[in-house]
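When the chains are written out, they are named A, B, C, D, E and F in that same order, and each has its own residue count from 1.
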Amino acid sequence: MQTHPKKRIEIVVEYPALRRLLDRLDRAQVTGYTVVPALAGRGHDGLWSSEGLAGDAGRMMMVICITDPARLDPVLEEVYAVVARHIGIVTISDVQVIRSDHF
Amino acid sequence: MSLVDLAAQNLLSPMVLFFALGLAAALARSDLTVPEAVAKTLALYLMLSIGFKGGVEVAANGITLRMIGVMGVGIVLSFALPVIGFLILRAVSGLSTVDAAAVAAHYGSISIVTFIAATEIVRGQNLPFEGYIVAVAAVMETPAILSALLLARSGQPSRNGNEGLGPLLHEVGLNGSVVMLVGSFLIGWATGPKGLQMIAPFIVDPFRGVLCLFLLDMGLVAGRGMREGARHLSAPVLGFGIVMPLISAALATLAIWPLGLSLGGAALFVTLAASASYIAVPAAMRLALPEAKPAIYLTLSLGVTFPFNLSLGIPLYLALAGLVAE
Amino acid sequence: MSLVDLAAQNLLSPMVLFFALGLAAALARSDLTVPEAVAKTLALYLMLSIGFKGGVEVAANGITLRMIGVMGVGIVLSFALPVIGFLILRAVSGLSTVDAAAVAAHYGSISIVTFIAATEIVRGQNLPFEGYIVAVAAVMETPAILSALLLARSGQPSRNGNEGLGPLLHEVGLNGSVVMLVGSFLIGWATGPKGLQMIAPFIVDPFRGVLCLFLLDMGLVAGRGMREGARHLSAPVLGFGIVMPLISAALATLAIWPLGLSLGGAALFVTLAASASYIAVPAAMRLALPEAKPAIYLTLSLGVTFPFNLSLGIPLYLALAGLVAE
Amino acid sequence: MSLVDLAAQNLLSPMVLFFALGLAAALARSDLTVPEAVAKTLALYLMLSIGFKGGVEVAANGITLRMIGVMGVGIVLSFALPVIGFLILRAVSGLSTVDAAAVAAHYGSISIVTFIAATEIVRGQNLPFEGYIVAVAAVMETPAILSALLLARSGQPSRNGNEGLGPLLHEVGLNGSVVMLVGSFLIGWATGPKGLQMIAPFIVDPFRGVLCLFLLDMGLVAGRGMREGARHLSAPVLGFGIVMPLISAALATLAIWPLGLSLGGAALFVTLAASASYIAVPAAMRLALPEAKPAIYLTLSLGVTFPFNLSLGIPLYLALAGLVAE
Amino acid sequence: MQTHPKKRIEIVVEYPALRRLLDRLDRAQVTGYTVVPALAGRGHDGLWSSEGLAGDAGRMMMVICITDPARLDPVLEEVYAVVARHIGIVTISDVQVIRSDHF
Amino acid sequence: MQTHPKKRIEIVVEYPALRRLLDRLDRAQVTGYTVVPALAGRGHDGLWSSEGLAGDAGRMMMVICITDPARLDPVLEEVYAVVARHIGIVTISDVQVIRSDHF
């Protein structure tokens, strides 16, 4: 099958900042994103786990966004504006997709 | 009943013991956990129940001038307590302006679970209390957040910049737990005793047992927080977690004096002032003051102040209330 | 009690108010949510309870010719209503064949939560009803799906191709909610009043309170759907969401006339016909007619028809039933 | 009541029927499921409730020499039964040393849900039983794991190497379900009947209904396991899943003879011996003997022995107990 | 450590179609797959969130499948047969594994 | 934006072995990791699903760890020590990150 190169951005971010991050992605006009729950983790800010939490502070989410290489930089800038102030990380990788027009 | 007897009796209640079980299990690194989805739902249940029952009592007794007075005092305290807490923290602890403001916000706001535990203790002493105290709890949740933001900005040039106060107020005011508490209160008010009768087997009868399960979970989370977060707390900060509730309680006792609340109501009001938020305010701080370290304020509120209030604080506040109540 | 009184009383019941609270919270973009795992379990609980209680009553009263007649009428209606709905939609709305068929399927099938809400209203009026109506609800769930598939195929060359009707029927017939409802009905039937007595403190006493929590969740989901989905609904489609239940109710009233149901039973039967599925049929449509847009049928069923039925519809159907019931 | 009557009555109880419903749904590939978060919580609830109630009865009756004797016999059995099971498996099945040891561990330990189901049956016959049997259940959970490890090592050079016994014992001893059971027992003991009265509407009244929901879930999981795991079970292994409980029951009946337990207590003790773990031991085996195939021990314990015990085993053990009880 | 190149296929698909997708993967004789829950997302078909849902329609899942490069095309064809008709996306990326024979 | 190359290790492992795996990652001094729940899957050891499970045996987790290419091998060795004995798989891929010092 013919495939087309895209970029996959993977963001791990604290839950209270999620809505802001998604608003930023909308603003950057990405064609879509998917949110996956994270259960636990460790980073510079220490260990965390969502087990037993009744509130939102202290939970993390993973957001995956497939975007065109040409639009990577503006999207990263919006993402970075949120993640720089909040607890979280960003990674970028190369992927292939089948229907290029979808993204 | 003497203060010592009351404290002893409280320490042996299923509520406190389940919290202790959770704490011990987490400190011993047991893998016991309550799933997040269930913990969230237990919290919703407790707010639904306590809000609804409060509303029903207001429906039965109507709005009084006293009710408005108590709400006003509550709002003033929620604004004022963070300032006091902030000044103390800046004086005795090495915390930065932002960290001190964030911690102080928690102590101006309230903990609904501490409040609920207090209602159970008050009820255990067969003391009636004013139903509208639940509404007082609701209005005391957010003013402290505003105070803290102003305090935090006092110390640094405004770089909160790109996200204004408007969206923040929206997010805080429409926070799920606030909506649940206030909404249930209004529904209880609208449907009155007849509505209560319909759903009492769900919101009244099993209430205490559900509370035990929730406190077990809080113990687990608090214990985990203590294990991870203890190293972030210096001795003065730890001390603040015990002393600040006492200061708040003393001020609340004085402030409530002229209002002529019942003994039960006064004890609950004092408990509200002395309690520290651990759901609504932490989430607001992550949005408004992301530079503040959550390891400090979460560990202090949930790992120090909550256990203190649950075990010794509430009996003490009940005794304090006895000095000023009708 | 007059229709207006009944409607007013219903609008002020905790059930309707909790639904409204959820709706309002979602429309105001509050972050209040009920975790998915809990929402699924509340639905299982409601079906377990309603199914079991229905079975127990059949155990007490035995199978009658009338029961078989009512089930037969229910099945015929479930087959027929989608055809009527489809023709109306094709006439007045711009929906494609597939979208019209998918929407119509929802209105031929039933909503078990609407049914449960109706049982509470009927019970609130102290009206008894036939226990086997639960079984009628179960048999009315799926025929509408078959009708809709035939209607959808009428409009387009068969390209459902690679996935046959067999697997689809298997998936729909063994859908979790159908299995739970029918299974609990059979267990209630088998164990009778003695079984009910054993588990009544779980499935009877807290039932209404649990229903309130579930309706809060439905309000939240419906509100979110209205916010996102409203722009997919043209005025004629919106109108369909109110008019179709009324047509279904009228037809059901006529169809049930000769059967001599009790007032409560007739009201419930009419409610079933007027209700629109929002769990089983959407899932079936995603499998059978993936080209149909879920934003249309989900928003219409959950965001328009369900609130209408819950607030005004059910009192109206009770009044309608009064015209033909014994 | 005759054994046949008792078995028939048990087979028609809501508990057994809900388990059968789950089993049937899973075997028919229905998509009915109970969310994992809820399944975990139902298990916590059952352990909280059974532990607390046991502790309350010990508080009422005090510690007796008999209690210590029964606990001692329980510990000895938990150590000894895996050895017997292991020898049988090695003789009749083709299982490897490690697989045989892992399976045997499950049969030396206990299943708390089987125990709970037995308490309901015993209660249904109006037979009282000793509250401390819950503590016996707790102490019988882990010795079998140690036995199995020694057996497994007997067959192979020690390559468990890098992970010592210490961490394993910590993880097993502080396993969430053990902590919940023992902790609730101690809290029940500390708070006594007064504590029970406070939370009875949560832990006593709805207990049986919650058990039904949990058994539905166990049926679903067991059925799924049977579908996937059946091909891993040879005829001798399948037979072991029925015969081993009978052997354990017979040995337990003899061992308990001199101790003068009540009929209810003896039936529960025999049930404990005959039951096979399906929560604590599988997790321990994944840690201690990862080479052992979970498809074998999980399928056998949950898919063969549990249904057998729930349906026919418990009535039989009650009859056995009748031979030796006071 | 020596590693071997494989392909990682990541599929986001609506829950009601999950069983069909997994059947297709079985048919394509992949050696395995892992299903991860998704919580929320946005795409051409709009926003969705699984919060509060009692039914299956409207939920999405993420399926991850590691496969040999040589067998990528047949697997993609099976995947595409499902995803083309349903709500969902497919991305492909390069990964390394340690034990080649496992996949 | 300037980005820096890192390695992304993705591990699917049975839940009872999770704590050991995370201890090993700590021992290998990774700067962080994120744990994501898995719902169901299939591999050489057959099908599994966490639906309805009250216990921990039979559940799987996905662990994601971003690490410096220079430290990949020691990390993989620790990971392998756990996964070799337990049910699970490991994949490695190339990613880019923005703040190199964070990892």
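The rule is simple: a residue touches a chain if its C-beta (ideal position, glycine included) is under 8 Å from a C-beta of that chain, and two chains touch if they have at least 3 such contacts.
Keep in mind it's a predicted model, so treat the numbers as computed, not measured.
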Mutual neighbours - chains that touch chain C and chain F alike: D, E
Neighbouring chains common to chain A and chain F, by label: E
Numbering shared by both copies at the chain E-chain A contact, with half separating same from different: different
Chain whose Cα centroid lies at the greatest distance from that of chain F: C
Reference chain D; chain at largest CA-centroid distance: A
Computed distance of Cα centres, chain F from chain D, in Å: 34
Centre distance in Å when chain A and chain D are each reduced to the mean of their C-alpha atoms: 45
Whole-Å gap separating chain B and chain D, where each centre is the average of the chain's CA atoms: 41
Touching two or more other chains - residue numbers and ranges from chain E: 19, 36-37, 56, 93-94
Multi-partner residues of chain C (at least 2 other chains): 31, 33-38, 40, 171, 205-206
All pairs of touching chains, each written as two labels joined by a dash: A-B, A-E, A-F, B-C, B-D, C-D, C-E, D-F, E-F
Touching residues (chain side chain B, partner chain C) in the complex: 35-38, 40-41, 44-45, 48, 52, 170-171, 174-176, 179-180, 183-184, 186-187, 190-191, 195, 198-203, 205-206
Complex interface listing, chain B residues touching chain D: 12-14, 17-18, 21, 24-25, 28-38, 205-210, 212-213, 216
Interface residues, chain E side, partner chain A - complex: 10, 12, 36-44, 60, 62, 73, 76-77, 80, 89-94
Touching residues (chain side chain D, partner chain F) in the complex: 33-36, 39-40, 42-43, 162-163, 171, 177, 214, 217-218, 220-221, 224, 228-229, 278-280, 282-283, 285-287, 290-291, 293-295, 298
Chain E residues within the chain C interface of the complex: 14, 16-17, 19-20, 45-47, 49-59, 81, 85-87
